[in-house]
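My structure is below; once you've seen it, I'll send some questions.
The letters A, B, C, D, E and F name the chains in turn, as written, and every chain counts its residues from 1.
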Amino acid sequence: MHQLKTFVIGGVHPPEKKLAEKQPIVRLDPPKTVSILLSQHLGAPAVPVVAKGDKVLAGQIIARGESFISANIHSSVSGTVAKVDGVPDTSGYRKQAIIINVEGDEWAEGVDRDEAFVRDCQMSPEEIVSRVKDCGVVGLGGATFPSHVKLKVPKGKKAEYLIINGVECEPCLTADHRLMLEKGNEIMAGISIQMKALGVGRAIIGIENNKPDAINNLSEIAREYEGIEVQPLKVKYPQGAEKQLIKAVVGREVPSGKLPIEVGCVVHNVGTAFAVYEAVQKNKPLVERVVTVSGDSVRKPSNFMVRIGTPVSELIEAAGGLPEDTSKVVNGGPMMGKALNDISVPVTKGTSGILAFPGSESRRPAEQNCIRCARCLTVCPMGLEPYLLSALAEKQRFEDCEMERIMDCMECGSCLYICPSGKPLLDYIRVGKNRVGIMIRERSH
Amino acid sequence: MKVLTVSGSPHFHADHSVSRIMYGVVFSLIPAMLVSFYFFGLAAILVTLTAVVSCMAFEFLIQKYLIRGPMTIFDGSAIITGVLLAFNVPANLPLGIVVIGAAVAIGMGKMTFGGLGKNPFNPALVGRVFLMISFPVQMTTYPEPSAFSTRLADAVTGPTPLTFLKGGVDQGEKVSELMPQIPDYANMMLGNMGGSVGEVSALAIILGGLYMLARRIISWHIPVSYLGTAAILSAIFWMVNPEVYPDPLFHLMAGGLMLGAIYMATDYATSPMSKTGMIIFGIGCGLLTVIIRLFGAYPEGVAFSILIMNAFVPLINRGFKPKRFGEEIKNG
Amino acid sequence: MNELFNEITLFSVVSLGAIGGVAAIILFMVAQKFRVIEDPRIDIVEGLLPGANCGGCGLAGCRALAEAIVKDESLEGFNCPPGGSDVMQQIAEAMGWEAGEQTPMVAVLRCNGTREFAPPKVQYDSAMTCTFAHSLFSGEGGCPFGCLGCGDCVRACDFDAMYMDPESGLPVILDEKCVACGACVKACPRDIIEMRKKGKKNRRIFVSCINREKGGVARKNCKVACIGCGRCVKECRFEAITMENNLAYIDYNKCTLCRKCAPVCPTNAIHELNFPVRKKKPADTDKQEKNV
Amino acid sequence: MVLTLIIVAAAASFTLATVYNLTKEPIERSREAARQEAIGMVLPAFDRLVSKKLMPPSGSDSLEFNLAFDNGNLIGVAVSTYTGMGYSGVIRAMVGLTPDGEIIDVVHLEHAETPGLGDKIEKGKSDWSDQFRGFDPSEQALRVRQDGGDIDAITAATITARAYCDAIERAYLTFEANKQEIINKEEE
Amino acid sequence: MGQLQNFSKGFIRENPVLVLLLGLCPALGVTTSAFNGLGMGLATTFVLVSSNIVVSLIKNLIPAKVRIPSFIVVIASFVTITQLVMEAYLPALFDSLGLFIPLIVVNCLVMGRAEAFASKNDTFSAIIDGLGMGLGFAFALTLLGGLREILGAGEFFGLSLFPGDGMLVFVLAPGAFIGLGYLVALNNIVKKKLDKTA
Amino acid sequence: MEYIIIIIGAVFVNNIVLAQFLGICPYLGVSAKVPTSVGMSGAVMFVMTLATLVTFLIFNYILVPLNIEYLQTISYILVVASLVQMVEIILKKVSPALYQALGIFLPLIVTNCAILGVTILAVREDYGFNLLEAVVFAIGNALGFALTIIIFAGIREHLDLVDVPKGMRGAPAALVVAGILALAFMGFANLV
């Protein structure tokens, strides 16, 4: 095996709690109704192409991503459009969604639902990109950035490495892990398709050392592919963050404010590689994804293959329901996920996990004065000074925030995780980032 | 299901807390405390107890009646201040003066600025230096160590190795003649010498320091750069003229250098945040300590140097930031 | 020579006269050569300032302060310790900044989502700042327009004119202390606070809600939300009330404080402040008054 | 404009010169009074005073010797002496000596020692300087005990005490070195 | 503003030292005892009142461009007069105030009042203003001097309050800063109380 | 060596602000931000050196020979005031960049005891300085001023961020900090 690599600055090591690690992916049946949000990706919301009363099939396009950064949205079920209306999203604000009453499970024409593995792809890079775009594939690693945009190398830049993010550094989550075990071949084919689209000769799959079975499985398969290798990594959060992963895998540092392509890298999540495979080889749009349901309050931690738009409450039911003392339900990982105020919200393309915790585990500690212990600054993987940024933001000194490079913060939460005085560092940093972002935008006008 | 909680991420929190850290420090101080009780007896116990109790009491009173903030006396930081203040005064200091010191340390050194973490200067040292200058006589009469003594204020007094040596050298005597008259290095290491309550035993303090290092309460940067600089600088002088300047080993074990480097210079609130900053800070403390010891009016310079460097901390924090990710473009 | 007037006198007068002369020439040169064309008001303001150049204002001398005042066209945030408030008053007069009588305004809170009317459904556990809470979720009560109760507005008020009522979870504005500086308006991420005419005898009528959701949706989260039913619009004879996006708004310039609208509101979303008690008062106005 | 300022300056300096001339006398007088008082404190009653300057064996400045006569007999010498060894600044003192060289009394003239510590050399602040009364430098050592002498140092202000001894010693040594000349004075 | 208020504001509300933070060097430098503080305060008051008088008298004779230098000369003259008179008749006080007497010239308070008030008002008001501010200054200095003397030497105006020495720091430089710091804080509280009752 | 001792003495042992109480007003007034305090220090250094040079000459070659030392105060203040003006004029003309950096602080300096105090101290008898020593003394004091005011500005920036209790905010906390700083500087006692 290779020697273990990792990134240099900062990082923390939260308890792993991979409770659903051994649970194979179970396919859930479609629910009675689904609510498919029009904004499930980074960028402009998609524009609906169906109206109330229309009959739709699973895999049929129902909203089109029209601007440069946007993505198509497909129906994940077959049935009738009940309405196009606002439904509360994960933060409780109403967002436009297409609500479909499910009737049967019929799929649109052209979608190949055969599980048989198809390795080779004959499409040209342009065809691959347009297929990925048509199928509404977005990054499944969390940011839900439309994948077709990332598969086109901008003019004047050259991609050297495709880095595949199999790190899954967040505690509790096991979706990528299971996928790497169960769909290794498909992922590998997806990677080679992405390599073809990008025109790169090398792909490196970064996997943390706490998933030896996945490392073995993919290394095994990688032998059959040229230019693809697996790089085991030391366990450290947030290794899965793009810039940290590039640093860990190829030792390059993406300059502040720049994209990975600046150092010749493109990063995709393993789930995205799988989605690309399905889109290109099977013509199957992104209508379902693997979601981990886990956490100390979940009776049966599981990994489900779920249709987009399924209410979270159904997933929780399928995992045995919630005990009385549950006090927090999180969409995503415990470090970066969003706490839900209502469990009836739908699963989106970006939902990698649903975690439930009792109060004892997830309540924030009481806030005290910052004792200037420098722990936050030691763990910040971006080399920032969170205590300072947070204080500046709290004092509304946003110009100073900008000078201290608040925009470099990727909101990994390491600082808040480690702070012994329970300072809500990241909360204030987010306020600061928000305001500095507005300032920067106003300036460029 | 009960009411859900909504909060920003992250939803996990490390197993740290202010009081755990602080009590860790208190725990690590136990060896030094035991040594001081052994050599200075009941007097040391009384001084330590008085300092701790009055520090907590002053913090309580100020917090309750002046600042009107949440109660903080059990976070352990006032206990540390109390213990370290006691460790920095002679065992036979009248208890009234100890109480004044505690009032100054907590009231002026800490609560004036809003309490834990906000103070720019090390509270215990503010207390000590205040007492040094206010009560020079009482603060410079040290009891002779004697095992398990139960004597209180009337103990036999004697000089500390530092005052003895400095006094002698100032009178033109030679270091080589003075050295045999102070405890040998083994005794100094153990703490069998005149000095403040808790500073005498380098060994016990190092032990506590190792414990704190192991628990990651402190990092090595400040103690190592502080002690290292002090050793190197004193070694240079020693090599130039060993009859006027004592050797580095003596400097390391005499007086409060060990206590200062491991416990007082490392105080979070009053030391720099970045690792480079910490090293600069340690070097500054080391230089100043040796200069004051060798050339100043006072035989001991640890407290002054740390306080002076405390004043530089904001500037150090401004000038020595952690290395930012993506700062230099390194295209492999 | 005389005891009192001797050569010392002579030397003194001559040498100090000489030094004074040189000083005068230098100062003269400054005056002559280096008159840069500047806003003449700077000189006026500087003339009014004490000229102590003490730096007490935090700027480099009196001229710097004068320049800053003229540049900002306002006295806000400036203070001259030696001159005190009189000087600032004089400057304001000289610059004519207290132009005319302004209609007195006051801040009002346009949300009545107390714990009672909009019971919390979830519990918030993060930094106590509305700005963050706003970006995180719709609020404990679920109303995406309602007050978040973290008190950003209270902290923004420099005049102690606001406090958080722990019972209702809403901020309270103290009319007598509010100077209408607008800081709270800027601070609130949800634009709940509005600056309104203080009104005759301090009387005001306004819709205490800014929820633009459809009636049913709004009502689900909050019992006293404006549901956009339009009854008040019909009731108002002065066309002071408009309805937009399911929300009624009372234009304070048109409103005659006739009080006709308030009783017809089915959710009691219209608030009346500082009016005498109604003779036949509808069932639950007292509740509102308590929560204003 | 220039003229105005010249006139202001001239007027001011004219006034000042007048005040200066008016106060010159009283200033002189009060200085003299202070000197006389100090001399009076360290010497017995006398009827005639002769002053002369003498260079000390070590030191940069000369010392003022005030020879006091009573009925034509030299009854004592008041030496205005100094030292630079103090904790801060120069210390000046008036030392009264008998013709035999025994110290009659010492009083400080000027010092900048720390209040509360070094200022114990002042007679009003403590009786520390009383130990010099009747001290015979030819028999006892004019040095603090820490340095092997016979003077008790001021607690925590050894530097000042040491310096004061230095000042007194300077007076004494100068006196000894010029004894002949001083005695001759008497005969003159 | 009435003359009485003009006079009294210098004590608490607009105290030159405790609120306006002017003339801090003498306030810190000479206040080793209440007596010194009072002496310095009165000397400053003298200069302040006299120069206020002269400035208000000559204000119309001086062209604007040399106004400040002329005022400086006036003030400096009164400072020198104070110096000379004090040396002649109060030599002990003169010695202990030392350098800080000539420095009255640059006391921002004196210059500020001459410029801000005396040069724009009639002589009587100028006297009242000078007296108010000057006595306020003296008040603050005496207070600080008294505090430092009591804590530092256990005496007040030279009278021994308790046996033994006090806390030496208060006689030394740090005590001056610290004492003033807490006095300013105290004055803030008093001022707030006054504002509330007003 | 002589000069080094004068400088160390002026910067650390008898620090102009912390031990001699000169220039306290700008010390508290212009120390809110580090860059401002740096600018102020530069201006003080410039003027203090120049003023000492000129006043030393005036004192020893005009006032002393004519026996009118009592005019020291009044002549010095005139010299300092017009010197500052002149520097301002010259600076504006010669180096606009430097003027931008220092010029704005110049007016503040006229009424600053630090300048007048140091010029008076520099001719004190018991120092017995010659011209060069007097100038070095002035530079040392200016450095001492710079050191303390910059440190102090750093601490005040820190205090700004941490929310000092209401009653102590601003001047009181600043003064206590200065007090503790003065305590710490006592460690340099008798260094030279």
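Simple rule for what comes next: a residue touches a chain if its C-beta (ideal position, glycine included) is under 8 Å from a C-beta of that chain, and two chains touch if they have at least 3 such contacts.
Owing to the predicted nature of the structure, the values given are computational and were not obtained by experimental measurement.
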Third chains touching both subunit E and subunit D: B, C, F
Topological distance between subunit C and subunit F, in contact steps: 1
Pair joined by the larger number of C-beta contacts - C-D, A-B: A-B
Chain separated most widely from subunit A, comparing mean CA positions: D
Distance from subunit C to subunit A - Cα centre to Cα centre, in angstrom: 44
Rounded Å distance between subunit A and subunit D, as computed from the means of their C-alpha atoms: 88
Whole-Å gap between the CA centroids of subunit B and subunit F: 34
Inter-centroid spacing, subunit E versus subunit C (mean Cα positions, whole Å): 38
Per-residue multi-chain contacts in subunit D, two or more chains: 1, 4-5, 8-9, 12-13, 16-17, 20, 87, 117, 159
Contacts with two or more other chains, residues of subunit A listed in rising order: 327, 339, 341-342, 363-364, 369-370, 424, 427, 430
Junction residues of subunit F - those touching two or more other chains: 25, 29, 68, 70-71, 74, 78, 81-82, 110-111, 162, 167-168, 172-173, 176, 179-180, 183, 186, 190
In contact (per the touch rule at the top): chain pairs: A-B, A-C, A-F, B-C, B-D, B-E, B-F, C-D, C-E, C-F, D-E, D-F, E-F
Subunit E-touching residues of subunit B, taken from the complex the two chains share: 100, 108, 130, 133-136
Contact set on subunit E toward subunit C in their complex: 1, 14, 19-22, 65-66, 68-69, 73, 108-109, 111-113, 115-117
Residue numbers on subunit C that touch subunit B, as the complex places them: 120-127, 132, 136-137, 140
Of all residues in subunit B, those that touch subunit D in their complex: 136-137, 140, 167, 171, 297
Residue numbers on subunit E that touch subunit B, as the complex places them: 166-170, 172, 174, 178
